[in-house]
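What follows is a set of structures for review.
Consider the two complexes below, in which chain A is the common component and chain B and chain C are the respective partners.
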Partner chain A sequence: MSDDRSTDESAVQPDGGHASRPLAEPTSKQSTLRRFFTRDDLPPYGALRRWLLTTNHKDVGVLYVVTALLFLVFGGVLALLMRIELLTPVGDFLSADGYNQTVSTHGLIMVFWFLSPFAFGFANYIVPLQIGAKDLAFPRLNALSYWLYLFSGILLGLSFFQGGSFSGGWTMYAPLSVPNYMPQIGSTTTILALTLFVISVTVSSVNFLTTMHRMRAPGLTLRRMPLFTWSILLTVWMMLFAFAALLAALLILSSDRILGTTYFTAEGTPGSLLWTHLFWFFGHPEVYIVFFPALGAMAEMFQTFTGRRLVGRKWFIVSMLLVALQSFLVWMHHMFLTSINLQIKTLFMITTIGISLPFDLMVFSLIYTMVKGRLRFTTPFLFAFGSLFVFIIGGITGVFLGAVVLDYQLRGTYWVVAHFHYVMVSGVMALVGALYYWYPKLTGRMYNRRLGKLSFWLFFAGFNLLYFPMFIAWETPRRVFDYPAELTGFHQLATVGGFLLGFAFLLVIWNCYRSLWDGETVSSNPWAHATTAEWAIPSPPPLENFPGMPSYESGSLDFLDRETASTDGGTVTKPTPSSHDGHDSHASPWPLGISIGSFVLFLGLSGVATGGIYVPITIVGGGLLAVTLLGFGLESFSVTEPAVAERWPFAGIENGKLGVWIFLASDIVLFGAFVGSYVFLRAGYGWEAWKIVPHNPIPGLINTYILLTSSFCVVLALVAAQKGRRWGVVAGLTTTLLLGIAFLINKGIEWIELFHHNIWLSTDVQASTFFLTTGLHGLHVVLGLVIVLYMIPRALNGAYLDDERPVEYFGLYWHFVDIVWLFLFPLFYIL
Partner chain B sequence: MSVLVGLTVQTFGTSAPPATVILQGQSRTMSEVFPHLFSIFLVLGTLVGIVVLSYMVYVAVRYRADGETDELKDSPQLGELPEGGGDGRKLAVSLTLSAIIVIALISYAWFLLMGVEGGPPEVSGEPNSDKPLSVTVVGEQFAWKYIYPNGNSSYTLRVPDDRPIELTITSSDVMHTYGIPKYDLKTDAIPAQNTTTWFNPDETETVEANCYELCGTGHSEMTSEVIIMDGAEFDRWYAQTTSDATPTPNESTTEGAHAMDHPQSRLAHNHVLV
Partner chain C sequence: MANTKLYTVIYVVLFVFATAQVAIEGMSLGFELAVGLIIGLSVVKAVLVAGYYQHLFTEPRSVTYVVLSGLLTALALTFAASYSIT
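Let's look at the complex of A and B:
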C-alpha cells in the first residue's frame, strides 16, 4: 500500500484541466496531423491528444462520466421543455410534433445516452481497481466503445436537423415508426444512432465479461468480489443478451425504413405485436441494466458510511442473480392490454411478483445494515440514503402495476410515468452519490462539502416535488400536452420541481468542476471503513494502478513483488517486472478513427434511400471505416495478461478466445431474434399458407455442403499452423476463401433469379423475412471472408506458425456462421 | 405520505363499492373492480410505505455518528475480503412478511380479474340481463371510428344505458390504446388484431374517450365523445341509422352526416403518406 508515484503520468492530476506538461513533440518531419496521432508514450492529462488517444481504463472512465453528464444536460433541457408545455392544460408552447419529438428523445437520451454510460464511467474506472487488474482485457476495444458511444450521441443530435428527430416514443412502437407514418430522415438517423450505440454496448460487454472472468487478483473468487463489481458483472451479462435482441429489432426496423422490407406493416401478420415482443424482451432487462450499477454503488456506500458489513451479503448477491435471470421472463407484463390471452397474462403476473421479492430482500438488507452502525451523513451517503428512500416508494407503486386489473387502468397514464421516474431517478440519485463517493479517488481532491449537502437537499426536494404530484394527477394520459384542466395545479407543482431538480444537477456539476482546483487534496482512503482495493492505492491511481501484484491469497489484500508471485496453473505469460517499463501500450488513434468512420457511414445510410448527397457520404464513411479497421488490425498494441489470476469458470481458455465466445453468445441471440421473428410472423400468417420464397431448395443445399467443407478447411489450416507448416495454413485459408466466394456466387445467382421473377425485399413479408435473414447471414459470411483475406498475406509471411490462436478464433467464428446456416436452410427452404 | 392517505379517502374511499358487493356474482365491470382494488392497494401500500420509511428514518437518526466514539468494534478494514454482517434471520422474516402481503394482494387482484375477463353477464351465463350491444372500435390517426352491428359507422359513440356494451377494438394504421376513464376501461388498438372489453353504462351523460398510446402528431387530441342515451331513445336513433346506412369496407369514407366529424380536419398538419 505504498503511496509512491512511480510514473510521470501518475504525478499529474487526471482532471484534464491543469498540471499539463510540455508535449514531447516528435522531431521528424511528419505532417502535423500525422504527428498529432502518432502513438508514443501517453501524453499528459493536460494535452488534448491524451484524451483522443488514450486506451487506459481510468481515462476512458472519466470520458464516459463527463460525456454522460453532457447528455444529462441535453435530456434535461428536453424534459424542462416538456414541463413548460405542461404548465397549462392546452398545447401552447411546442408544436404537436415538436412535443412528440421532445418526449421521445428525452426518453431515449436519458435511458441510453445518460444512465448506462454514467454508470459505466464508474464501472470503467472502478471495476479493474476492485478486481486488481491493470486495465480491461482489451483496452483498445474499450476506447472504441467510448468513441462509438460519443458519436452515436452526436448522430442522435444531428437528427433534429434532418427534418425532425424521432417522434414515436422511446419504445419506438411499430408501425408508427415506419416511413408511412414517420417519413423524416431524422427518424431513421435516430434509429441508426441507437444501433451504433448498441454496437458500442456489445463491444463493451465482451470486454467487461472477459476482464471480470479472467483477470481477478489471486484469491478474489467470484463470491468475494465487491458488490459494485458484482452488480456490474450481472449488468453486463444482461446487457450482452438484452441488447442483442434490441439490435435485431433495430436492424429489422432500419431495414423496413431503408430497404423497404415489410416486417411491421404486412397485411395478415402481427407485425406490431412482433415489435412489442422484441422491444420488451430487451426493455425489461434494460430496467435492471440501468438500475443494478446504482444498487451496487449504494451497497458500497452503505457499508462504508455505516461502518458495517452488509447484512445478508450472500443473499443480496443471490437476489441480484435471481433478478438478472428472471429479467428475461417478465417482458409481457408490458403487454397486458394487448391481445395475449389470460393464461399468459397470469403467468407473467406471477413472474413479475417473483422478480419483485428479491428487491424486497435487498432493500431490507440495506436498511438492516444501518442498524447498530455509526452512520456518517456525508454527501455520498445522503444521496445513497435518499435513493433508497425514493426507491421504496417506486417499488410499492410498482406492485400496483403488477396486478393485471390495476394495470389495465394505470397503463398509459402518469401513474406509470411517476413510478418509473421514482425508480430510474432513484438510480440516478445513487449514481450522483457514487460520483461524490469516488470523486476524491478520480481527482485526488475533495468536493466542496457544504455545496454537496446543499445539492442533495435541493435534489431530494426537487425530485419529490417533480414526481410525487404525478401520482396524484395519475389520470393524465401519457405523452399528451392536452390534459384535464382540473389537474393543472399538480402539473404546475411538478414543473417547479423539475426546475429545482435541474438546478440541483447543475450544482452537482459545478461542485465537481470547481473542486478540481479548489478542493483539498486527499489521501488514498479519505473515507474510513472503505474496504475495497481502489482505496488502497493513491488518489488518483498511477497509470498501471498497483505498486505490485494485488493478491488476496493471504486472506486480505497484499501487493506482491511480481517476480515472486506463485503460479497456480493458470495461463502463464511472461510477468511484467514493473508498471512503467513500456511493455503495455496505452494509446491508439484507431478507436477514434473507426468511430468517425462509422459515424459518417451511418449518417450516409440514414438518407441513402433518398439519394443525393447521402450516397457520397455513405461511400466516404464506408471507405473511412475500412481504412481505420485495417489500421486497427495492423497496429501493434501489446497487452499482457496477468500471470496468475482467478479465472473461474474460464481458466482453461485465454482472453481472446473467451472474447470470441462471448461475442458469439450475443450473436446467437441476434440470429435467435431474427428466426423468432420469422416464426412469429409465419405462425400469425398461417404456417402452411406461407409460401416458401426460393423456388428450388437445391442451391441452398449446395451452399450447405460448401459451408461444411469450408469449415473443414479451416480446421486443416489450424492443424497446419500447429505443426508449423506455412503452406498448409495458406492452402487451408485460401480454400476457405474460395469456398466462401462460391457460396456467395451461388446465393447471388439464386437472388438474381428471384429478382427476375419480381421477388425482392419489399415484395411481400415472405420475401422480406427470407432476404433479410439470409442476407444477415450472408453479411456474416462476407465479414468472415474479409478476415480471411486479411489473414492470407500474413500467413504467407509465416505469421501464424508461432502463434496459431488467430486461426483458431477465426475458426470459431466461421463454424458458428456455418451452424447458423444449418438452421436457416431448413427453415427458409424446406419447412 | 399523509397526502396519499387523504387522497385515498377523498377520491376512492367513498366511491368504492364495499367488498361484499364485489364478491357477489361472477361478472364485474372494470368500474366496479378498479376503484375497489385501487383503494385497497393505496391504503395498504401507504401503510407499508409509512412503516418502512419511518423505520428507515428512525434507524438513521438513532445510529447517527455523534463524533464521540468514533470506532465501532470490529469495523471493516481496508483490503479485507468481504463477508456478510449477520442478521440473516431478521432478513428472512422481513422478506417473508413482504412476500405474504404482495402475494395476497396480487392473488386477490387476480381473482377479481377473472370477473372482468368473464365478459358481460349474458356471456357468463346469467339469464336476467339484456342482450349486450356489440360495437367495433377502429383507431385511426387521429380519431375513433365506431361501427355498429348494422354497419352504420360514426366518430361519436352512442350507447344505451340499459344493457352491457361489448367493444371490439382494432386499428387501421398504428398502435393506439382506447380508454374511457369514466368507466375505467382501457385496451390496446392493434393493427390486424382484435381486443375486447365491456362496460355497463348506468346514467345518461356524455363522457370522453382518449388515446393512451403515442400514435403520432395528433395523439394529444385523439379524443371522442361517448354519449350514453336513454335505452328507448337509443333504440329509436339506432333504428333510424339502420335505414340509410350503407356499410363501407373502405375505412376512409363514412356516412355523409358524420364525415365532417373526423378530427383530422381539425389538424393543420398531418401525417404524410409516402
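Let's look at the complex of A and C:
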C-alpha cells in the first residue's frame, strides 16, 4: 500500500519538482541500520520499525495515547508523593525543594504532557475518519509533532538529573523563575522542554486546521460535522494563538536564564507582571484547550448511549464557538491579586461571568439529551456521565474565583486546587470514557465490561474522596507542605482518595492491555446507536481508511467510486503532481531524526552558558538537526490531496499555502507578544523616559532598504518562475540570499559597536528588549536564508519552472519577515 | 498575477515611505503626531507588502481573516496589558 522509492519513481515531493531517485542497494554490513530506517512497505504492527517510521494518522494516534498514559503514570507518581507528604501537617517525607519540584513537575506533566496529548491521540485517530479523509494533510509533520512531544517529555525527565528540576510551580511565576532564585540547570531544561513541546503543538495545529478545513468529504459541511471533530477544530484554533503567546513567554524566560536579559527582573519596570500577562493570556484558553476535546467526546457518547441526537445541537456548537472566542478575553481574572487597576479587574470579572453562560447552555443540552433519550449505562457512558456531574461542581466553584472580592480571599488556597482539579480531572474522566468508547475501533476487540464498570466506580469514588475534602480544607495554603493541624483529617482522606484514584487508573490501563488478547472481537460498530463515520468501516480500519470516496451528499454516508464522484457542494481540484496511483506514502525516518536532533540541541542549550560538556552537545545537536532537516527536505514523500472535498471557507487555496498562512498567523502572535512585551515594559517605565538603544537610526534604515529590496527580488523570482525563466528564478533567489547576508552583516556591525560601548543584553531592560526582539527577527532571517540556500541549486536544475508554488510559499514567509521589520524599525530605532 | 511594473512601483513607494519615517523623526513635530505618522506609514507599508507581494488582495478573503485574527489577538494582549498598569 505504501510508497516505495525503489519501485515507484513517479513520486515527487510536495515542494515540487524533485523526482525521487532509486536508492543504491546497500551492502550487507553497512546496510543493517540503513535498511532499518529505509522506507518500504509499512511493516506489520508487531515490528518496532513500524512505530519508528510510521506517518499514518492511526498509528500516530495510538502512539500519542500510549505515551500520554506513560506520562500519566509519571505525573501520578509525583502526585502520590505529594499526598504522602501531606498526610501530616509538617514536612517529614520530602525535602522542601523536593516538594517544590514535585508540585511543579506534576502540574506541568499533567497539563502539558498528559491531558492534551491524550486527547490528541483520539483526535489523530478519529478526526480523519469522521471527516472522511485518508490521513492528515501533512503526515510527516504529524509524525514530527508526536516525536517532538515524546522527546520534550524525555528532556523534562532528564531535568531531575541536572541539579534538580523546575521548582517554581506550573505557572512559572517571575521573578522566582530566574537564575537568582532558581540557579540549577535542570530548571532551564524544564523551560526548554516546554518550548520544544510548544513547537510540537504549533506544528500539529497547522496540520489539523489545514486538514479539517480542506479535506472534508463532499457534503460534510461544517454544520454537519460531528461534535467531537467540532470540538477539536475549535481547540486547535485556540491552540494556534494561545501557544504562540506561551512560546514568546518561554523564549524570553529562556533568554533571561541563558543570555542574561533582564525582562522579568529589571527594576523600574513591571517585569514580573509581564510574565503573568503572557502566561495567563495563554493559560486561560489552555483550560478550554484541555477541556474541549473531552466535551466533544462526551457529546458523542451522550448521543450514542441515549440513542438520540444531542438536544440543541446547533446551539451547543454556537456555545463552543463563543467560549473559544471569549477564552481570550478573561485572562486577567487570574491576576486579581496583582497591582493591575480596578477598572480592568471589574471588566474581566464581567467577561468571566460572561464565559460561564455558554457553558450553562452546553450543560443543559447534555442533561436534556439524557431526559429525552433512553440511557444505556455502558462503561463509556458512566465515565461521560460522571464527568458531567463533577464538571458542574467544578464550574460552580470556579464562579466564586471570578468575583474580585471572593478571589482576594480564595486565591492561593486549596479552594483553587480543588476547583481546578474538579474541572481538569472531569476532562480526564470523559477522556477515559472516550478510551473505552473508541477502544473497539482502535483494537477490533471489546474491553472487559465488568472490569470497566469497576474501574469507573473506583475512579469516581477515588476522585471525590481526593478532591472534595480540599473544598472543606480550603484554608490550606496552596503549594506549601505544612498546614494547620486541625485540617489533618481532611488531607488524610484526600491521600486515601489519591491512592484509590491511582489504582483506578491502573485498572483502566490493565483492562485495555489484557483485552488486546482476551477481549471478544467486535464488528465495525459495536454500539447500536453510533452514527459517525468511523463506525461504518472495519475495526481497526484499513491503512487508507475507506473502501471508496466517502460522501454525505445524499444526506447520509456513502462510499462512492472515485471516478464517478459528483461535485455538488464540493470543489474539484486537479490531482496534485505528487499523486500516483492514488496511494500515499506512510513512512519516513526523518520526523524521528529531527526530533532527536532537536532534543540533543535543547539539552546542550540548557547548560551552554556554563560551558563544559554542554557546548559540544549543542554543536552535535545543531549539526544533527541540520542534517535531518536536509534529509526531510530531500525525501520523496507522496501525499494526495482529495480531488473532491468540502473546503469552505478555504476553497480557493491549496493545502500547502493554507498551511503556510496558518503558521504565519501563529508567528504574528509570537512577534506580537514580543512587541507587546516591549510596549508594556516601556509603558510601565515611562514612554518618553525610555532611551532608544541604537545611537543612530541609519543602520536600521539601511537594513530596511535591504529587506525591502530582497522582498522585491523574491517577487521577481516568482514572476520568472511563472514565466518559465530559469535564470530569472536563480537570479532572484541568489540576490535575496546576498541581501539577507548583507542584512545580517549590517546588524552584526551595529551590535559589535554597541558591545564596544559596553551595551550588552544584560545592561538594562532597554538593551534586553532591543537585542532579543531584533535577534528573534534576525533568527527568522537566518532560517529564511537556509531555505533559499536549499532552493537555489534546485532552481538551477529547473525545479520551479513547472511548479512555482515553493517559490511562492517561501515568498510568503520572507515578506512576513519584511513586514515585521517594518514595525521593529520605527519602534526600536526612531520612536 | 505577474505584474512586474506594479511590483516595481510598490517597491519605490516602500522605499520612499521608509525614508520619510526617518525624516519625520528629524522634524520638530509633537511626539504624538510623530508617533502617529511614523506608525501610520508602517501600517501602509505592511498593507502594501501583504496585499500585493503576498497577494492577500487576490486570495480568498478568509485568508485575510486568518491573518487579522492573529493580529487582533496580539493587539488585544498588547493594549489590555498596557492599560492594566495605567
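In this section, the second predicted complex is superposed on the first by the 785 of 831 C-alpha atoms of A that agree within 3 Å, B and C clash if a C-alpha of one lies under 4 Å from a C-alpha of the other, contacts with A are read in each partner's own complex, and residues count from 1 in each chain.
The rule we apply is simple: a residue touches a chain if its C-beta (ideal position, glycine included) is under 8 Å from a C-beta of that chain, and two chains touch if they have at least 3 such contacts.
Keep in mind it's a predicted model, so treat the numbers as computed, not measured.
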| item | value |
| --- | --- |
| More chain A residues in contact [chain B versus chain C] | B |
| First (chain B), second (chain C), both or neither touched by A:Phe93 | neither |
| Touching partner for A:Phe816 - first (chain B), second (chain C), both, neither | second |
| Contacts of A:Leu831 with chain B and chain C, given as first, second, both or neither | second |
| Which superposed partner A:Phe712 touches (first chain B, second chain C, both, neither) | second |
| First (chain B), second (chain C), both or neither touched by A:Phe637 | neither |
| First (chain B), second (chain C), both or neither touched by A:Tyr790 | neither |
| Chain B versus chain C as contact partner of A:Ser339, first or second or both or neither | both |
| Partner chain in contact with A:Pro270 - chain B first, chain C second, else both or neither | both |
| Footprint overlap on chain A, comparing chain B with chain C | 270, 273, 339 |
| Residues of chain B that touch chain A when the two form their complex | 3-4, 7, 30, 33-34, 37-38, 41, 45, 48-49, 52-53, 55-56, 59-60, 63-65, 69-70, 72, 75-88, 90-91, 94-95, 98-99, 102-103, 105-106, 109-110, 112-113, 116-117, 141, 173-175, 177, 179, 181, 184, 186-188, 190-195, 210-221, 267, 269, 271-274 |
| Residue ranges of chain C in contact with chain A within the complex | 1-2, 4, 7-8, 11, 14-15, 18-19, 21-22, 25, 31, 34-35, 38-39, 41-42, 45-46, 49-50, 53-54, 59-60, 62-63, 66-67, 69-71, 73-78, 80-86 |
| Interface residues, chain A side, partner chain B - complex | 1, 91, 96-97, 99-100, 103-104, 167-169, 173-176, 179-183, 219-220, 224-227, 267-273, 303, 306-315, 337-339, 342, 346, 349, 353, 356-357, 360-361, 363-365, 367-377, 385, 388-389, 392-393, 396-397, 399-400, 402-406, 408-409, 411-413, 468, 471-472, 475, 477-482, 525, 528-531, 533, 535-536, 552, 555-558 |
| Touching residues (chain side chain A, partner chain C) in the complex | 241, 244-245, 270, 273-274, 277-278, 281, 328-329, 332, 335, 339-341, 344, 649-653, 658, 661-662, 664-669, 671-673, 675-676, 679-680, 683-684, 688, 697-698, 701, 704-705, 708-709, 711-712, 714-716, 718-719, 722-723, 811-812, 815-816, 818-819, 822-823, 825-826, 830-831 |
